[in-house]
């Protein structure tokens, strides 16, 4: 599955990357990301996740062809 | 002294007129106006008076060459 | 504080905050950007096509211009001080104002948006209640009415005391 | 209610409420007059030349455009319903935004002014807190910082619960 990150998250991860491991939920994805980059823990904790442009919660079941966006806190305007 | 009236007051008085009687205060002027047009009583009671572009109270002492404006309630904007 | 004086009046008008010509909303807005202001709020009061259930043809505004312009200037100065505004501009039109046209425009600019919104409401409320400007409604049935008067005196018992929206 | 959809986006943009081009404040405002609206309120959020005591060179905005545009549209629709607005328009810019330029514009129009002011604040507050748009501050000393983030979660304990100015 594909992961896209935005804004300040790009200082911790590539803008867009593939997750090859078997990951079934957002919670599991979060664990994989923390494993990749433990320094991002605080920030990741503040982020929301979206799949196919809709916000989802930690229990959301992922499909291998999903595109997951990690959305840091907004700071518009 | 000269009296100027505005807006809805023009339906009760001439736009501008002279008061020839000896009138010493705004209170006395008010009495003269009510005498001229008793129907205006309610409206006059809601109005403010200004002399030479400054609001004044009922006790304000008038001079013969003053220009008095009678200011009905605002309805700007 | 003289920010409120910065906006140049149209050459044809002798009063800074009162205009007998259509209000130039675009140039007023263009003059309201400020490098220290992160928020600009504009209010435009426009003629509606209906009032109290009746069809409105147009409005006509009358003002005691000399007093009105000075009073609006004083209100702007107070707002600039109170909210530390970078910019405060207001102009009210006199004469016939067609549906969709602006009768009054207020623009405020401040570092953060709270102040610009609050000051804007404060300024328009005070203009509408206190400043000697009057509206006459001309209806499509040919009748007219001096209308929408400030009725605060009925509540406050004093022609100089008003009930403002920004206080509620 | 589809009033919020009426404003035509620039031909170059594929998202109704997100623009990579400078916001056309004049044409947006020109499209916001309505015969049934006596009050038009415009908010423009602009780049300030300072932030937290540091000199700002410019800001750069990033958005997840597809989500952001849809969310702004939904917020506008909610505001139109809640306050019975005649018009509700909002556009947020992405990319570099210079000092004094608009990063976001919100326009509301309603019969009376209370609703236009309240709805306008509601819309901008929700956009700033909820919509996936991010600001990066570039300072004159050459440094940059992803800044001004919504910190509501520290108070509410939930990334989806915010503390809005219009509620205080």
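Every chain is named by a letter (A, B, C and D) in the order it is written, and numbering of its residues begins at 1.
Criterion: contacts are C-beta pairs under 8 Å (C-beta built on N, C-alpha and C of every residue); 3 or more make two chains touch, one makes a residue touch a chain.
Keep in mind the model is a prediction, meaning the values are calculated, not measured.
*Asks:* Quick one: which chains contact chain B and chain D both?
*Replies:* C
*Asks:* Among the chains here, which has the CA centroid at the largest distance from chain D's centroid?
*Replies:* Looking at centroid distances, B is the chain farthest away.
*Asks:* With chain centres taken as the means of their Cα atoms, state the distance from chain B to chain C in Å.
*Replies:* 25
*Asks:* From the mean C-alpha coordinate of chain A to that of chain C, what's the distance rounded to whole Å?
*Replies:* So the centroids are 50 Å from each other.
*Asks:* Where does chain C touch two or more other chains at once, residue-wise?
*Replies:* 45, 124, in rising order.
*Asks:* Please set out, as single numbers or ranges, the residues of chain B touching at least two other chains.
*Replies:* Correct list: empty.
*Asks:* Just say which it is for the chain contacts: an open line, a closed ring, a star, complete, or other.
*Replies:* Graph shape, chains as nodes and touching pairs as edges: a line.
*Asks:* Any two chains that touch count here, so list every such pair.
*Replies:* Contact pairs between chains: A-D, B-C, C-D.
*Asks:* Going by the contact rule set out above, which residues of chain A touch chain D in the complex?
*Replies:* Residues 6-8, 11, 46-48, 50, 53, 55, 69, 71-77 of chain A touch chain D in their complex.
*Asks:* For the complex, which residues does chain D have touching chain C?
*Replies:* Going by the criterion above, the answer is residues 25-26, 29, 33-50, 99-100, 111, 113-114, 116-117, 120-121, 124, 165.
*Asks:* Applying the document's contact rule, which stretches of chain D touch chain A when the two form their complex?
*Replies:* Per the stated touch rule, the residues are 45, 61-64, 66-67, 70, 92, 103-104, 124, 127-136, 146-151, 153, 159-160.
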